[in-house]
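Structures follow.
Heads up, the next two complexes both have chain A, just with different partners, chain B and then chain C.
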Partner chain A sequence: MDFTVFAQQIANGLVNGMAYVLIATGLTLVFGVLRIVNFAHGEFYMLGAYITYFVGTLFGLDYIAAAAISAVVVAGLGVAANKLIFWPLRRDHEFTILLSSLGLALLIANGGELLFGADPKYVESPFADEVLEIGTVTLTQQRVLVFAAAVVALIAVYLFIRYSRFGKMMRATAQNPDGAALTGINIGLVHTYTFALACGLAALSGALVGPTVMIFPTIGNWAVLKGFIVVIMGGLGSVTGALFAGLLLGVIESLGGGYISLGFMEAIGYAMIIAVLLWRPNGLFSTARGLR
Partner chain B sequence: MNTNSHGHSLGQPLAIAGGIAALAVLPFLAGNAYLEHLLVLWMLYALLALSLNIVIGYLGELTFGHAAFVGVGAYTSAILSTQLGLPPLLGLPLAGLVAAGFGLVIGYAALRVVGPQFAILTLGFGAILFTITNHWVDLTRGPMGITDIPPMAIGPLAFDSARPTYYLVLALVLATAYLCHALVGSRTGRAFLAVRENAPLAASLGINVFHTKLMGFVAATAIAGIGGAIYAHYIRVITPDIMGVHNVAALIIVVIIGGRGTILGPILGALVYIGLLESLRVAGPLRMVIFAALLTGTVVFLPGGLISLWQRWRNAHKSENNLPATPTGLPSTEGGAK
Partner chain C sequence: MFGRRTLLAAAAALALIIPVAGTTGAQAQQPPVRIALIGPMSGTGAFEGQLGLEGAQAMAAVINAKGGVAGGRKIELLTYDDKGSPEDGVSAAKRAMEQDNVDMIIGGWFSAVALSMKEVTRDKIITVMTSSQHPKVTEEGHKYLFRLNATSAMMSEFYSKAICDRIKPKSIAFMNVNDDWGRLELDNYTKLLTGCGIEVKGHEFYNRTDTDFTTALTKLKSLNADAIYVAAINTSQGATIYRQIKQTGYRGKVIASAGNMNPKLVELSGNSLEQVYSASPFTEDGAAPSLKPWLDQYRKDYKNDPSFIAALGAQAVQTLAFGVDAAGGDPRAYDKIAAALKSQAVPTVMGELRFSDKGQASQAIHLVQVQKKQIVSVRD
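Now for the complex of A and B:
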């Protein structure tokens, strides 16, 4: 086996995987803390990519600023979605919430098609055409940025959940919302910033991945599917699980695409989760309720 | 449906006979080919929605993979008739069998988990089937789709236009509706509902929860496969889009808007869906925005779907006439995945 090619595939897989991890972390946080399976999560990824594009082209801001603005704006939209749909439904059955989020996903995706047009767009980035060589592996700077920014964001999220007052409130809510409320934690506030964090992460992922692919209004479908697969494989509610499962999915897809068949790349990735789930039906890192 | 248990012993069969008669004369009232075509689409969606309703309404599990089984059935029959020259009449049961085979394997793997995990897992399986269909160009011709599919025929009777196809699908819808009705009244059907309402309790009564769910899931996928095959032979062209997320969402919208866990609900939902889809054709992408709003609105404000409006009215009417209203505390067949 040619080692250079192999190393290149692994590197590509890790970059793709990191983008999946960013999407999946938000999904798994929203599930772990709020018990909401958010079908509309991928649409926030789509909005992240589009807002980066529009801020860049309409206001002429540079890429980094556009990505940051997009993450903040989408975090705000996430808070609005929570206030309008998920918070009022918090006492309802999980299927009501799941179906409402499906409705929201269709609403944003088709609304996006109305507003943005169905034709593909390219997000401009100064890093997209610059190449970086690490040993025998060649990556565009943009792809290195995807990986690096994702690692920084994930470490920040980890520190936030682990050590900050707000993070502790999140973990308490995840373990027992009623108990948390009894100790004086403002559950409404926890809902709000968990959604802001999750949607901000999804938007960041969209903004980072945007310049490496074409974007169109239906990419949210793709994103939420990848996110779900990673979350299910890692175990619903497990952040550690999302990290491992996301990287694993990225690498396996990349190797499968390189050595077996590019067309069936995605099917190979899905087949892998099925294998994992037959072995561990609740995911790799599933344990009792709580945030890990 | 809560059948004739409250003094409707004569009214209900009459209403059903009247409804069937009305459905039978509909194509003659339609007057033009376009409306007849819409009637066929209505019946096709009603058939698919009735099959999805077995999983969502009776088993109480939400599946996001149903359109994939419709696609499996459509592709099975289309490939058999175009490449092997098999008569479509033989392709129909084979499409049901193959779809049921896929349903058995996928259900066996996916039904180990419940709730949101099951929903997401079926979404993943649906995506696998879509990807394979889209890329196995040698077998399925990939995104180009299969064209020139021969029409369904029984001996000299060819279902090559809307009106005969309408009667074929109507017959299947009625058969499926009757099967669902008989199922709910049977021991197996009561096991379905027991599993839906309280799985651990059902298990403690000696019901094998996993096998019960698997049986319902396989039956639903078989009917979906047959529906898909009829669709393929009627439209004469199929592409992998039939398995896409759009179609998944459409079927769920039909069942939820109509009323899950009922027999008339999915049929009514299909009428609303096809009617709105066509009347809003000018609106373009706005259509799906409207459907999305309808879905969310129904789930939040009318969990029983449109059909529950009629039940509400009937109950109110009964209490006016001092007749006993349908008791609410007893286990009913209505409801489903809440």
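Now for the complex of A and C:
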């Protein structure tokens, strides 16, 4: 086996996997804290990439500033989606909420096609074409940035959930919403913060991955699919699970595509879900209800 | 109550008025020739669908401004979304024929869609397939079916000569889309390029839904081929592949598949397409004067640059308009229209088209190259 190719495929897989982790973390937070399966999560990823593009081209801002603005704007849109759809429906049946999120996904994707046009776009970044040679591995600066920024974002999210006052409120709500409300926690505010955080993370991943591929209004489908595979594998509601499952999926896809067959790459994710669900029906890192 | 005399008088007056009103109405506005344009309006091929539609609409506007077809009938385009999928293509064609009762159909941007759709429209309605290249689309020769683009066999015969004689790589590897066309491309070029002494080092097939290609390109790079040939139909995947080839650190030659070079692809690919060759029946530089009215109309109406796909949309509308005129003006006289199209040269934006008995067009193909982010034709 050629070691250079092997190392390169591992590096490719880790970068792709880290992008999956970032997408899945938002998805798993919303489920873990609010028990909402949000099919529109991929659309917030798409909006993140598009807003980065438009802020960069229309206002001439540099890539990093555009990505930061995009994350904030999409976090705001997430709050609006919560206020308009998810909060009013919180006492309804889970299926009603699930179907509403599906409706929201279609609305944003089709609205995006009308608003942004069907032509693919490219998010300009100064790091996109700069190649870094790390030993025998070749990566662009952008791909290193995807990995590094995701690590920083995940550490920040971890610290926020673990130590901040709002993080503690989120965890309490995740464990028992009624109990949390009885102790005086403002559940409405927890909803708002969770959506802002989740959608902001989705937008951040869109902004980071944007310059490595072309963007078009239906890229959200891809993102939410990968997100769900990771979340189911890692265990619904588990942030640690999403981290390991995302990296695992990225690396296995890369090695499977590299050494078995590329046509097989798509199937690998689904095969992994089946295997994990048979072995541990609640996911790799699932223990009990709550945010982990 | 009205008396009998009053009623009779009123009836007589109406009898006089109605035919007169009817005639003047018909003279002022004849019913339009209704053409269904079935293409990928959403999904990953949406941009190609948009280009084709823009080209067709600009040509319809040019023809309508000159008074339409068959002595004053305007062309009306009805748009249907096939989502790039054979199932949706088939249902769109059925809807166009049975529900909307259109006169003619334009479709078949992707081979997979064209191959399924042609069985639904078979011998029922004049159908012009556009960019699909699979030879089987016109192989059986349905009597009302026409296809504009050169088949992949015709394209590869021309392009392989240019690769052997001008680009001259010692070895080559293929990066092809995993569908009927992509597999056929691999077979054709493996045969033709091996014939002129180029070593084929390997290939990878990617899926039509893939967004990242680093895994495949890492494998291809490790083959150390002198050139990588990319067979990508859709612009977003193509642009990502060309960029990622450079980003993996590959420094050899890149060859773009025939018929898939467009200005948007060049724009999205940054510098990665610089000096890259392709082959195309459409070139804007040194084009025939017949192209000008359409180019002007297109530039006036749309922000995209004119492209091969848009020119195919225009050519499809032109072909149908020519057929209706040549057959005496009835868009439903399918036998006459088919005979007219097969018996004479059809003047179009990309020069004269000649259709074979099976409805396959022969178009002139040109070698093109990207130079300073412009697609220019390469002449000897």
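In this section, the second predicted complex is superposed on the first by the 292 of 292 C-alpha atoms of A that agree within 3 Å, B and C clash if a C-alpha of one lies under 4 Å from a C-alpha of the other, contacts with A are read in each partner's own complex, and residues count from 1 in each chain.
Please note the rule applied: contacts are C-beta pairs under 8 Å (C-beta built on N, C-alpha and C of every residue); 3 or more make two chains touch, one makes a residue touch a chain.
These numbers were taken from a predicted model, which means no experiment stands behind them.
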Which of chain B and chain C A:9 touches, first, second, both or neither: second
Contacts of A:266 with chain B and chain C, given as first, second, both or neither: both
Touching partner for A:175 - first (chain B), second (chain C), both, neither: neither
Touched partner set for A:113, first chain B, second chain C, both or neither: both
First, second, both or neither for A:141, with chain B first and chain C second: neither
Which of chain B and chain C A:99 touches, first, second, both or neither: first
Those residues of chain A which chain B touches in one complex and chain C touches in the other: 113, 118, 263, 266
Residue ranges of chain C in contact with chain A within the complex: 41-44, 46-47, 49-50, 178, 204-207, 209-212, 214-216, 218-219, 222, 235-237, 239-240, 243-244, 246-249, 264, 268, 270-271, 304
Chain A - residues contacting chain B, complex: 31, 37, 85, 89, 93-96, 98-100, 102-107, 109-111, 113-114, 118, 221, 225, 228-229, 231-232, 236, 261, 263-264, 266-267, 270-271, 273-274, 277-278, 281-282
Complex contacts: residues of chain A adjacent to chain C: 2, 4-5, 8-9, 12-13, 16, 113, 117-122, 128-129, 131, 133, 138, 140, 212-214, 216-219, 222, 253-254, 257-258, 262-263, 265-266
Interfacial residue positions of chain B with respect to chain A in the complex: 62, 109, 112-113, 115-117, 119-121, 123-125, 127-128, 131-132, 134-135, 245, 249, 252, 256, 284-289, 291-293, 295-296, 299-300, 303, 337-338
